[in-house]
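The first chain written gets the first letter, and so on, giving A, B, C and D; residue counts start at 1 in each chain.
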Amino acid sequence: MYGHREAANFTYLGLYALQHRGQESSGIVSSDGQNFYVEKGMGLVSDIFTKKTIRCLRGNKAIGHNRYSTSGDSHFRNVQPLTVNFALGNLAVAHNGNLLNASILRSELEAYGSIFQSDSDTEVVIHLMAHSKGDTLLERLIEALFLMRGAYSLVLLSDHDLIAVRDPYGFRPLCLGKWKDAWVVASESCAFDLIGAEFIRAVEPGELIVFNDKGMTSHHPFAVPEKPAQCVFEYVYFSRPDSKIFGNHVVYPIRKALGRQLAKEAHVPADVVIPVPDSGVPAALGYAEGSGIPFEIGLTRNHYIGRTFIEPEQSIRHFGVKLKLNTVPDVLKGQRVVVVDDSIVRGTTSRKIVKLIRNAGAREIHMRISSPPTIAPCFYGIDTPTQKELIGSNHSIEEIRKYVTADSLQYLSLEGMLNAVPGCNDHYCHACFTEQYPIPFTKAEERQLGLFDGHSANR
Amino acid sequence: MYGHREAANFTYLGLYALQHRGQESSGIVSSDGQNFYVEKGMGLVSDIFTKKTIRCLRGNKAIGHNRYSTSGDSHFRNVQPLTVNFALGNLAVAHNGNLLNASILRSELEAYGSIFQSDSDTEVVIHLMAHSKGDTLLERLIEALFLMRGAYSLVLLSDHDLIAVRDPYGFRPLCLGKWKDAWVVASESCAFDLIGAEFIRAVEPGELIVFNDKGMTSHHPFAVPEKPAQCVFEYVYFSRPDSKIFGNHVVYPIRKALGRQLAKEAHVPADVVIPVPDSGVPAALGYAEGSGIPFEIGLTRNHYIGRTFIEPEQSIRHFGVKLKLNTVPDVLKGQRVVVVDDSIVRGTTSRKIVKLIRNAGAREIHMRISSPPTIAPCFYGIDTPTQKELIGSNHSIEEIRKYVTADSLQYLSLEGMLNAVPGCNDHYCHACFTEQYPIPFTKAEERQLGLFDGHSANR
Amino acid sequence: MYGHREAANFTYLGLYALQHRGQESSGIVSSDGQNFYVEKGMGLVSDIFTKKTIRCLRGNKAIGHNRYSTSGDSHFRNVQPLTVNFALGNLAVAHNGNLLNASILRSELEAYGSIFQSDSDTEVVIHLMAHSKGDTLLERLIEALFLMRGAYSLVLLSDHDLIAVRDPYGFRPLCLGKWKDAWVVASESCAFDLIGAEFIRAVEPGELIVFNDKGMTSHHPFAVPEKPAQCVFEYVYFSRPDSKIFGNHVVYPIRKALGRQLAKEAHVPADVVIPVPDSGVPAALGYAEGSGIPFEIGLTRNHYIGRTFIEPEQSIRHFGVKLKLNTVPDVLKGQRVVVVDDSIVRGTTSRKIVKLIRNAGAREIHMRISSPPTIAPCFYGIDTPTQKELIGSNHSIEEIRKYVTADSLQYLSLEGMLNAVPGCNDHYCHACFTEQYPIPFTKAEERQLGLFDGHSANR
Amino acid sequence: MYGHREAANFTYLGLYALQHRGQESSGIVSSDGQNFYVEKGMGLVSDIFTKKTIRCLRGNKAIGHNRYSTSGDSHFRNVQPLTVNFALGNLAVAHNGNLLNASILRSELEAYGSIFQSDSDTEVVIHLMAHSKGDTLLERLIEALFLMRGAYSLVLLSDHDLIAVRDPYGFRPLCLGKWKDAWVVASESCAFDLIGAEFIRAVEPGELIVFNDKGMTSHHPFAVPEKPAQCVFEYVYFSRPDSKIFGNHVVYPIRKALGRQLAKEAHVPADVVIPVPDSGVPAALGYAEGSGIPFEIGLTRNHYIGRTFIEPEQSIRHFGVKLKLNTVPDVLKGQRVVVVDDSIVRGTTSRKIVKLIRNAGAREIHMRISSPPTIAPCFYGIDTPTQKELIGSNHSIEEIRKYVTADSLQYLSLEGMLNAVPGCNDHYCHACFTEQYPIPFTKAEERQLGLFDGHSANR
């Protein structure tokens, strides 16, 4: 947020609304034009910040970040925003996304004498800016951006400016809003809803916006614009259903449309449609609507989730999944059940869910997935396991069905998915479903990401 | 749990499954026949216990408790189970419910030299047992029970016995289960589901069960059995939808039936039915089913809830409710909306919800409540505000409608509710809806509970 | 302190000055006439209290306590002052000393239905008062005192009174002072020095003083006054050298006199006199003065002491003692050294000290002790080990000398000690040196304290 | 320590023995040749480390540091050893001393793109090494040392080497020892005494010692040796009395010699000589010896010191000093008292001490200081206040006497001091007493340190 004397407090509420995007750690940095004020911690937003610490974050501009690690270990030193003091003064950076050439750039910088504080690829941005000979922060940032390959929605804070920038492909969302005279940017519009800010528009792919005491100015530093490659998985799973992302499109009706399309492609006679809560609910409602089969709550979810659970040595069947989910026997007993989920990653959870439903007395279990099979890792900011661990990458759908012990299993088709999401079909990245990565890898990146030796990125 | 060397670990999981019944504090006490092992804390189960602390809770029997305060302040000294060392050895007690004559008994005991450690009415049980001249724990307990008036589902742990007892009215639920050779008791069956125990039956109103190395023995110490007065609000709101309580009845289909009945009694032409999540979901599904109006998710709920939120001085509209709920605009814009909730207590939250929906562009808002108006405080273990604060106690339904700014408001009828729940209509307590308290108050209790001067109990 | 609106803050400073009397835990209770305000914790005074917690301890009267455990385990529930709410209102008690018949009284009280919160013998006082039928606090207290046998300097706080009482033998010190219009009582006068209060006099053995809004009144409830039995070990070791105790007598010159007398009784030709710091310093100065041998610092003490030290597996010689003490080689090398300490308990530390001095190159080591051999446990409030562990109880002086590997060892005589301390020789308890316990034990107490089976008290 | 599998544990004990050199924070870094293991914290050694954390510090070499801040604020990021990962691998550095040109070097490094993590001048060493083009760690270190001006006793740890180096002037002490086959270095020999290591010799001014698997090699990288400028204040006050520093000289007899010399220079007829404890004790003993006036303990010191104290609003006379010191009235009443201290900095404490002694009834008070007046700030690692705050820099001795309200005041002469310490008179730095700084300042340093505008260094 730029331009409100309670900027840090609003930023805190924004982080709270965006907690689903990262639960590992959070931080806020604010500036009053002279000093930076920093508060960071491991854990959830509501545990880290207190009235007192928020009050100490002074100044009329602030940036914040919720982290879920895609690169760099889970250490305090990696908690964002990263802050440094360098030749041009104070600088703080928060980054959503993932750089392809981070470790290559890091090695080069270290050879020139740079010393890194963290494992995070975000720190590369800062050192590139420190090494630039540009006179202004903006010049140095643009020089750094030209060297950075990959996905980034960035916010940067200096003593006088707040800068927001989205990579030329626009992998990750970034929205622009207003709160009276103050400007706000956030990954999703639900952050604006909580604080009562107005959604203006998406920050465009390749756009760089500077906020300072001269107002707001938009830049397009990248000469030749790329075709956008916005993450389709944000619609399928990652964003909150009440958010707008990538323009003026709310997620919930899109998820329902995916479910309706799935009902069309993968009909099966059944008695009830149930979702895997909470993420499968909209698609299951769409499926029920499309198929005419009644929607029911057959699985309940326990939301009092802690970090770790203490399992007795005396083992309990389906222990892990039972901590989150329990069946409602009357809904399932003797029924033909369609269970709708958004995706299958390793298959282990799906298998446990099918067994749980079977134990509750279901006669038939038909699993329906509101996206195509996940076959490839994401290098653009979603934390997927290595390719080897993705059950979709090396098993046929029938093999997966057997593994999860369902009576039938069907996925949504790629075409079905792309037709259900708004805008041009070719403005989305769907590499995790197709292995068609929008940015061609260099040889060094392929080596770095382990793409030749059968392993995925070293994360 | 009685009879398993990992009793404390299973108890911990049971508390985790029952977290919805109390989030203020938790505790577990176990016994190996010689020593008691105690672990207690403020906050959620998943924050209080660690692998290490659970391992220290030795022995093959354990009891646990989640507290949400109906009597006694929120202090560590009130965290249950309460443990003492008295003339017959170690004793621990955990109590769900509320005693009517606790402070009267307390004054009498203090006059005889008793010194209380806590504000909790549960401690009265212990002092009554300490003052009894009975030779055995059982004799002393029964002597104490005869003096106690009100609602109690109790578990007690001594060096050699575990005892479970439910008051003669059976206000609060209590279930009996088995885990292989070990016995388990819990407020709701969802605790059994998590640990994989078998649900046997409800502990009956007025039943007292002793577990020790001679096995399990059932007693019925109360000479003349009372007519049960089981809390109907457990079905309406309090229990988990996947639980069995008060016998072999699952909550979820009963809640749906309340919604179907509501649709019959209070139909209105509309475009969508939406629940107030999460508790309103089953009734809303029932209402949609009964009315034929499509069910939609028009409000999303944020589950990353902390204790306190730091609101900017610059006030935000509907701040409090927005922390939990946000609207999904496409569902509501231009629509005639039926919004279903389980009850209205003070009316303030309902008012904020209606305004939120109105702001999202709804054309008409029809609020439907799946129980009758709440007009009277509960003295049996549900934490209701004083009668003055209950909007239903001193306002007509039309006045409430105006206050919450809905276009229409309808409640389920008492008959409708009692017909939808299982078993005999007159085996339920519905005092919060009717002021018909099953236990006639003594003069002293009326004074104590403030029933004459227009104030409710001094809580 | 009674009668100052910052009573708790002054009490905190008093506890700080008296930290040497107990380092296990501390607590303060204050009263504003209606409520009690309590703050307690494990550890040192300076770690437990904060500006904020002190400010919350409201009211113009307060009592505090530093605990070092002579009875009761080291648990939070034993931290004093103990506070209860009973038939006459709020009550808090802090106790210096030890009761002989605590467990006997406890068993009797439990048979009457009393439930104890702690293991501490102090709680007996409270239950005796709760069971008394007296109308006033004072009547009940006096009734309780008549049943209590042993050593006690007590302060009690009720909603309206502060009461100080010293047992008829006056085992432990208790001083009376004034701060302008307010009254203060403390174990030693050094607490008065810190807060700038004036020392008035000692509270007399058997005296009970009540402070309330009518002023200060002195009572002598015990009909036949006993001959005092004040703890001589307070002069030898326990009190601070700058304190007055047992009247208008400063400790430091008495300790020097013990050293001078020791020089007279146990002269030896030597080059230097060195103390075991810090407690041996005054006696060593007295010895040097008496003998004409130069005083030197041959051992330095490290005051940055934590709770536990992490010793490498690879063992270090004299590890334990080296954490506290190191030698100054130039002082000891080639010298005949007199090393002065106040007492020998188990002998293990003395043995390590002698070896340390020997390693530093001393030619001869003569150990001199400024009190007689410690041969018997204290039952009146000093934490001595069991008789078996006291090296003086079952070994001759020559055997002890051999064990500690000194070239000579001499103790001060009983007569020498009693002549050096002020007042009548027979007004002191010296049971730890003579086994002459001032209060004849009852059979039950002997059993309880294990005096017949060769073991000392079960502590 | 290099070469012992419990290196971190021994390092921890060494830090414990050297706690007097810094109480703000501590840290240990160990290496097993592959990874670095780090544990740091604010506060005392005994509070920071636990058995578990020490056990996690694996490997056979470790360095540690106690910090008391002379440059850089009191933040966690400044806690030493500083650790980085740079082009040559892992590196950790711990620094005792102060660099004159740290901020000048920092600005230059930042202009080349270096980003600093801390405010500490120690980090400059690391960045200089990172920017060097040398092939080996040793080459890079020597290149860095040539650029560093000021006082430094450094230890560095890399994956394979441990390096110790002392600046060419040898301002701060550094000792070399052996523990069986393992090597140890420490600021003072008392660290060796605790772990049972043998003192070998001082590391020489300008000497650089490398420990690795080829053994120990000594280097003298500085071409022209400087005349040493060892800190005389280490003998006067800073080191522990039982330590050897700057060669084979124990501190205690030197301090006594300072006192004896003071008695010769500044005799006064008196009844008692008392020290300001603890640091004034040896000099007071020397004074008593030299003057023939009896030595007494007239002030006692409370060692239970916490960080902060809560003073009542109702002010207490001499509050601050009373927390540490109390008088022993019998020693002082009616006497002519010589009170010996090591130095006077601001004069405020001395003034309070004199008033305390006067209040205790002393007839005459003669203050004697065992060093010359402190007139100038230290830029070599001792934390002195700015010149303006040093009472000796702008007041005559008579003015100081009046301020502290003593009857007489005398300091030791410079010659007296230099004759009492061992070795050549001109091998010591005494700039704080004479303003004769051994290293001529550059213009930039004078600007940086504020030497022209009447303010001292910006600390």
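We take it that a residue touches a chain if its C-beta (ideal position, glycine included) is under 8 Å from a C-beta of that chain, and two chains touch if they have at least 3 such contacts.
Keep in mind that what you see is a predicted model, and the values were worked out from it rather than measured.
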Any chain in contact with subunit C as well as subunit D: none
Maximum centroid distance from subunit A, chain identifier (CA atoms): C
Reference interface C-D: repeating pair among A-D, A-B or B-C with over half of contacts shared: A-B
Subunit B and subunit D, separation of their C-alpha mean positions in angstrom: 64
Centroid distance [mean C-alpha coordinates] between subunit D and subunit A, Å: 52
Subunit A and subunit B: spacing of chain centres that average the CA atoms, whole Å: 37
Interface hub residues of subunit C, defined as touching at least two other chains: none
Graph class of chain-chain contacts, one of line, ring, star, complete, other: ring
Complete list of chain pairs which touch one another: A-B, A-D, B-C, C-D
Complex interface listing, subunit B residues touching subunit C: 84-87, 110-117, 126-127, 130-131
For the subunit D and subunit C complex, residues of the former touching the latter: 4, 6, 9-10, 12-13, 16-17, 19-20, 23, 44-47, 49-51, 54, 190, 193-196, 240-242, 250, 252-253, 278, 281-282, 285, 289, 294-297, 300, 302-314, 316-317, 322-323, 326-331
